[in-house]
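Going in written order, the chains are labelled A, B, C, D and E, and every chain counts its residues from 1.
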Amino acid sequence: MTIDLILFLILALVAVATALGMLLSRNAVYSALFLVLNFATVAVFYILLAAPFIAMVQVTVYAGAIMVLFLFVIMLLGTDVLPPGKALPWQRPLAGVLAFILAAEAVYLLVARAAPAEEIFRPEAFVNTMESLRVMGRMLFNEYLLPFEVTSILLLVAMIGAIVLTLKEKGEQN
Amino acid sequence: MVPVNYYIILSAVLFTIGALGVLIRRNPLIIFMSVELMLNAANLAFVAFARANGDSNVAYSGQIFVFFVIAVAAAEVAVGLALIVQIFKSRHSINVDEMNSLKG
Amino acid sequence: MPQPTDFQTILPLTVLSVWACVLLLVDLFIPKTRKSITALLSALGLALTLGLTLAQTGLSLTGFNGMVVLDGFSIFINTILLISGLLGVAVAYGYVRRMGLERGEYYTLLLFSVAGMMLMAQAADLIVVFLALELLSIPLYVLAAFNRTKTDSEEAGLKYFLLGAFSAGFVVYGIALVFGATSTTSLTGIVAALATGAGAANLPLLAVGAALILVGFGFKVAAVPFHMWTPDVYQGAPTAVTAFMAAGAKIAGFAALLRVFATAFSSLAVDLTNVLWALAALTMIVGNVIAISQTNIKRLLAYSSIAHAGYILMAFVPYGNREVMPVSVAAGLFYLVSYAVTNFGAWGVVIALEKAEGKGLEVADYAGLGRKYPALAAAMTVFMLSLIGLPPTLGLVGKIYLFRAVIDGGFYGLAVIGVLTSLVSAYYYLRVVVTMYMRDGEPQAGREFWLDATTAVTALVTVIVSLVPQWLFALASESVLKLF
Amino acid sequence: METTGFFFLAPWIVFFPLIGLLINLIFGKRLPEQAIGWIASLASGAAFVVSLLLAYSLSAAHGEAFRWTIGEWMHIGDLQLDWTFRVDTLSTTMMLVVSGVGTLIHIYAIGYMHEDVRFKNDPGRYQRFFVFFNLFIVAMMILVGGDSYLMLFVGWEGVGLCSFLLIGFWYDMDTLARPSWANSNAAKKAFITNRIGDFGFLIAGFLMFWYLGSFQFDHVFEAAQHAPPEIIIAITLFMLVGVTGKSAQIPLYVWLPDAMAGPTPVSALIHAATMVTAGVYLVARSAELYTLVPAAQYIVAMTGAVTALFAATIAVGQYDIKKVLAYSTISQLGFMVAAVGMGAFVAGMFHLVTHAFFKALLFLSAGSVILGLERGHHHLAHGHHAERGKKKEGGHDEAHEEVFDPGDMRNMGGLRKTMPVTFWLYMIGTLALAGIFPFAGFWSKDEILLDASLHYPTVYILLTIAAFFTAFYMGRQVWMVFFGEARHEAAAHAEESKPIITAPLMVLAALSFLGGALNLPFEGFHNLGHWLEHTLHEVEALPLDLKVAGISTALALVAILISWLIYGRNPLKKGQPDPLKKPLGFIFTGMENKWFVDEGYRAVFVDRYVDISRFLADVIDWRFWHDWFHDKVLAGTYNWLSNIALNKYVDQRGIDAFANGLGDATKNLSAALRRVQNGFVRSYALSVLLGVVLILGYLLFK
Amino acid sequence: MEFLLQPLTLMTFFPLLGALVVLFLPSAQKNLLRWTALVVSLITFGISLWAFFFSGQYAASSPDLQLVARYDWITVAGWNIQYYLAADGLSILLVLLTTFLTPISILSTWTAVEERVKDFMLFFLLLETGMLGVFVAQDLFLFYIFWEFTLVPMYFLIGIWGGPRRIYAAIKFFLYTMAGSILMLLAILYVAIKSGTFAVPDLVNQLPALYASGVIDPRTQMILFGAFLAAFAIKVPMWPLHSWLPDAHVEAPTAGSVILAGVLLKMGTYGFLRFNIPMFPGASLQAAPWIALFATIGIIYGAAVSYAQADVKKLVAYSSVSHLGFVMLGLFALNPQGIQGAILQMINHGLSTGALFLLVGMIYEQTHTRELKVYGGLWKITPVFGSIMLVVALSSMGLPGLNGFVGEFAILLGAFGSDAIGSPWYAGVSAAGVIMAAIYILYMFQKMFLGPQGEIVDEVKKHGHGLRDLNWREIITIVPILVFIFWIGLYPKPFFDLMAPSVNNLVAALQTAAMAMP
């Protein structure tokens, strides 16, 4: 029972708890906030896993930009709480069962069937140094140039889409 | 030294919760958040796997993948939220259970 | 640094994307009443790209550190995709105006979507596959919801979007597992890893990852049980979009499925074959069976497209078997083409009969078509026959190729399911014909040149190529052989 | 073979009538009645001439059988069938009888039909009658002239067809000219009953081909010599089935009495003189087969004998003048069959010939009687008018007058005075039939009895009793018809027939009187015997046996005496029941009602067949197989996969069939299946997840 | 060009050409359309006669496939599909029957079909091409295409011009036939894969080797046989798969019924003759008793059921079940008498039943009812009609001297002594079917033409002038059939000569197969 392990367990606990909170809280705003917390915890994991850059992106883009956007929309639409619906009574239990089975399968897979390298040894080389950022930057524009460009197009398309969907045209009322 | 498996299992659990959220919530925003949670879980798994492997290139490629996933997520969010807003504008409700005029 | 060959690999793709971006800007200066210019320009772009693609015939390159490849297969697929794109523009041309959706972005998004599909066909790395998947999906989400005045359209958009994102989640997780098992995401890398046995310990991981990726593709090609979005989206989306979606998304999905599984996961065949078997069987059965009860032509065609996904899946079932594989996949591609052509034709007729207020979409509205618009009815009959798989149509040839492949692979049970379900399918396709010829009614068809042209051309192709199918099959099989 | 003689004419026995038939068929509409009749008669007469020439050339060739092929028929593998005519003593005998008697009856019919069509008020059918009549001659000639069993079968069925057509000649009425299905039913009955016989014939043919390797007579007989006897027995017995059908033997005789629905010439030619004797001819023709298997012979003989007696008893109880003759015919055919069964082929053929003479005579005279009454009735009708109009409706108007049956002996009486010629002719026929010395019937019947007495005592006894009955019912008939006084005005006003009708009768009468000369039982007088010997070998020519002859003659006389005591001494009064009714009681009722055999058959076979086919058609094929299984189960399955809306694409009746197919359970299933696609995005996601879980489950725990 | 001039190609596709012409004629010009169709079909008939008798390219004495038109069609990835037309003794008569009946049927529609004449003629000519293709195609793939192709026009003929329940009948006809043929497709593919060719003659030569070498074990052979059987048995239709027949026949327009009974059903029996028996001799020999059993049941059952029908067309339809039972019995007697009889009986049934449907249609045109009970006594009013009907009816009940007898006799004779069937009982029982045939045929004839005048006569009188006898067009339509009825009945030699060589070949092959069997 090492420090890391304890730390991991605590964080894991927090992550799961926040996730569940997101899942269960009736109010959308709370859900969003729980999710922010969850992302934050995950960011910590990234750091533990020696991925500072990702952790940073996680916090800024995810927890920051995206979730804020969510909150905006929630507030804007004022749909934080939906009236209780009675449709699909069997949906919840069924979903629960399926989810449980899925989790069980995953655990079984990972524990019993396929065990990746046991320990994470500690490579001194690139722990949270600027080096790693530089390397990744270089990689992004060499090996991963194409995906990068594609992503840019993707974002462009998304943007167009958003505009197309929301922009009110002249003479169009709804 | 925390075994990678733990991370993967955690991610699996998070993933499942996300999936569950998609299944049981009626608010498209929350459903959407759950999807984000799923992606997030996937990312965690990625980084963990990347870390598990000594080769730094591999490690980096994993992380870069995560980077792309986040970008894509952002793109999806843009479209998704626009869609939801638009729908709210036209029918003043976003309850997905009320969107079943197409069926059968 | 990237080499010129890298760009040569994705030349058509690049051109198309760039063209799309430029078109986006140009469109701003085209007056609202003259959007047909945008349509023509986009068609021009597609045509140009098509030209480039054909010009690449025979090339075999990889670019961007093996992220993308250019080979016979991708060229074959891209050609179909581009043609579908062109047809998509053609059927939309008059439709969007009639429905009052005429906006430049429509075509731009369509171009981007095509670009995504082409990328999917060329992708040689799971990252690219994933990005391509999104690139082709996001425009489709938007297009599905393009008719903002209609709540159905929005509903379709949202459903498509939510479920798409949901399935994308599985894909990503699947990729993650694959990465975990083999420490790489490039298809060749995976093969290598398996060969060296480095990741051999994690075959289960790999299998599960592959399965999750399969889910993603299954969703795109509308395979049971990942199909349920299809009818709703097809019905709700603007018909022109549906027509394009039904063909393009399927082609791209199958292309990726084929490339990924045939190259990277062929060693998993023992496990996945059965999964595919079950998927194919389920898809054929469910699709055809539920289709019987449909009275709305769009839903009917939606289920029929599900069913046909099942037939095409049959061709992939023996993908592990190196002897049968080339032929069977070639059969699959052939069927894909025949389906795409027929599909466009059928949707073309549907578009012709659809009226602004969404009327004319019930099968019953087709009564009397045989008398009033003999040509249109004849065309529709041809398409229905082709979908059933009767002479003299592509559908028959395609089915025969398929069943032969399946029998060749020794999957007699599947073959029997296939023939029986296509017997079931005859029932609901015939109902359309019955209504057209044997019931009296006063249908109203909107006629515009490009639409009629599409219908006519597809009908002719359906019949004529069925008489001389050899060259097409030859192309398909060559393109497949290039894969290995 | 040497082509001297007229053998090359053989096919013309068929072609001449055929030509006549074609002429009448094509130009009949434009020809006058007389012409039609005479063309037909000439055609048949020409056939008779040819037969004579053939017989002549045959005797010149010392009875050497001659075969003349005119064309190939069926050549498949070992099956080699040709259209070949066979001219031998047996066949020529038949040809002569057929064409000879046939021609006479043709001539008779010229007059008879002329009146008949007018009484039935449809002159248009005159032509049709002679077309059919010629057609019959054609078929009959093929039957007797064929060189193989199969060609014989062609004629065999052909005559069956003609009998169908001619029995149903007045297809739209019954014997009393009232609109009804009766006649056509009778025709149908005849054809179908015959077909049952033909079925036996066919089976016999199959056996013959596969075990004796051919249908050609000589080959068959040759092969039969060294074939397993049980096969021969089977063949001969199946043939017997055919015989019972065609020659009206038990159990298939029932059609013949009904056949009297046809015009009298038809009854005379087809149902007395020629067609019904085809069975006898068949057995005689197959002599070489039968002689191989005594067991079969015995069965044949018994069949004939029993039939002879049985039919005779029925004849006693009949009132219709033609019905009596019909049963007498059956009885006489029984004699012949018994004869050929016993192997007394000559006797059989001999009786066949004489019977042809006197039975034709009797029928035709009966016809003349009937016409006489019709004429009488006709006169009355002019007395009280509107008769024509009634006839237009087919003489059907009880309100005006009870329907008059010109064939009912109870309406007759005293015709001796009004129709003298007919009376005398009838007497000759009667005596011949009763077997009174020296009429033809005496000799032929006597020869049969003689053979029977020597070989088959049972048969002998049966036949003798039958002979007794024969004399009795003929006596009864004569007394009832010609003696006493008229029991109906029509009889009182009856008129004698014209010469065209009576002339042929006289010829027949002469033949009936002298016919015996053909084969007298004295040394050197067995002409027919020697003639036939060329074809049917080992013929035993028996001398006259006074004991047998005496007994039979005595019995006949006694019978006639009894009949006089009952019917002659104090004739029947109008409306008085038959005097035998009281003393015999239920027995006579049985005789009257043909021992209820028809009713029995109807109850046991006919109705059952109808029921079965109805059941198969309605219940099994339609309700169960078509409606239930196909429409409900198969189509219904489609439906629980789909929903009711679908049915508007299936026509109305389809809807019912389909909708009924949906039981509640299936309805629920359908509903459930539709509920899956419920439009809720969350449940769609659920199905996706379900798929994932299942696939993973398979991959992990397979 | 030379490709198009081959006799069979020309014959098969000439109607298609005609269809194209019809397509571009104005639909208002009804008579023009009728004449065009008639002339086209007559020319097709002419071509077929020329091809077989006057072109000098067809030697009836040879058992081989002749008039061969053979080109590679689809040869890729181990496929070897050919455009392969040819004819031999097994098919020539059926081809001629088709080309012979088509003009007659078209002639029969002259006044019967008044609406959408254009479509009608179009479909009819297409149908002819399909049927001819089925009979001359020697490549399984090509055959299958023609086979399925015939479905479509017939489906329209029933569905558009049929009776009140036409759509139901059309769909039923379509689905049932397709259900069978689709299984056959699998078998075709299997066989083609195992032997690498689709060409029937090659298959017939190669398959025995495969059987011998065990590549295809007896069980598989039986399954393949069964798959083909499924397709053909439904088409024939063999009892108990006949349920679609009464519906199709009753609802179809006259011309449709004629072609359906005359030709389409023969496609099934021909299939047995051309594919099942030569390709799977072992299985055929094994299955013979069973098929004989079902054929016998069909004969008796069909005869019994048709006797209980109140609807003339239905009666005739069920009689087809009985007649085709005879054909099946003959085919699987697997000896010369049986098979030749069966082939001839196919023709006979085509002529007799075709004629029956024609005649029923002619009277239906006037009375608009098929209920037997309203008829009666018609012979008096329509003598010519009655007499012709009589002849046809007699030929259909197998009266010696008419065509029906020759076929049925040969069949029964063959079946009686067939080693393959192995028992005379089947033939014996079937012979009883001859009696039952007499029963229902005479019943029909009596109810329509004999007996007192039926109410329909006055019924017709009420609306305009009463019943008329056949007019010249109708007589011309029917007389050619009568000619053949007598010809075949009295002098069938020419017909037997046409088929004999090929049949003997087939039988010889079967004997060798029988030797090979354990």
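List of remarks:
One rule holds for everything that comes next: contacts are C-beta pairs under 8 Å (C-beta built on N, C-alpha and C of every residue); 3 or more make two chains touch, one makes a residue touch a chain.
For clarity, every value in this text was computed on a predicted model and none was experimentally measured.
The chains that touch chain C as well as chain E are D. Looking at chain A and chain E, the chains in contact with each of them are C, D. Overall, the chain located most centrally, as judged by its C-alpha mean against the mean of all protein C-alpha atoms, is E.
Across the assembly, the chain pair joined by the most C-beta contact pairs is A-B. In whole angstrom, the spacing between the mean C-alpha positions of chain B and chain D is 96.
Chain B and chain C have centres, each the mean of its CA atoms, that are 26 Å apart. With each centre defined as the average position of its C-alpha atoms, the distance from chain A to chain D rounds to 101 Å.
Each chain gets a centre from the mean of its Cα atoms; for chain A and chain C, those two points are 31 Å apart.
Multi-chain contact residues of chain C (touching two or more other chains): 127, 131, 134, 138, 141-142, 145, 148, 157-159, 162, 166, 170, 180, 204, 208, 231-232, 293, 427, 434.
In chain E, the residues touching two or more other chains are 166-167, 171. In chain D, the residues that touch at least two other chains are 649, 674, 677-683, 685-686, 689-690, 692, 696, 700. Working note: touching chain pairs come out as A-B, A-C, A-D, B-C, B-D, C-D, C-E, D-E.
Only residues 73-79, 116, 119, 141, 144-146, 148-149, 151-152, 155-156, 159-160, 166-167, 170-171, 174-175, 178-179, 182-183, 185-186, 189-190, 192-193 of chain E touch chain C when the two sit together in their complex. Of all residues in chain A, those touching chain D in their complex are 87-88, 91, 94-95, 98-99, 101-102, 105, 108-109, 113. If you check the complex, the residues on chain C that touch chain D are 158-159, 162-163, 166-167, 170, 204, 207-208, 211-212, 214-215, 218-219, 224-226, 228-229, 231-232, 271, 274-275, 289-290, 292-293, 295, 363-364, 424, 427, 431, 434-435. Across the complex, chain D meets chain B through its residues 674, 677-682, 685-686, 689. By the touch criterion given at the top, residues 2, 4-5, 8, 12, 15-16, 19-20, 22-23, 28, 31-32, 35, 38-39, 42, 45-46, 48-51, 53-54, 57-58, 61-62, 65-66, 69-70, 73-74, 76-77, 79, 82-83, 85, 87-88, 91-92, 95-96, 98-100, 102-103, 106-107, 110-111, 115-121, 123, 125-126, 132, 135-136, 139-140, 143-144, 147, 151, 154-155, 157-159, 161-163, 165-166, 174 of chain A touch chain B in their complex.
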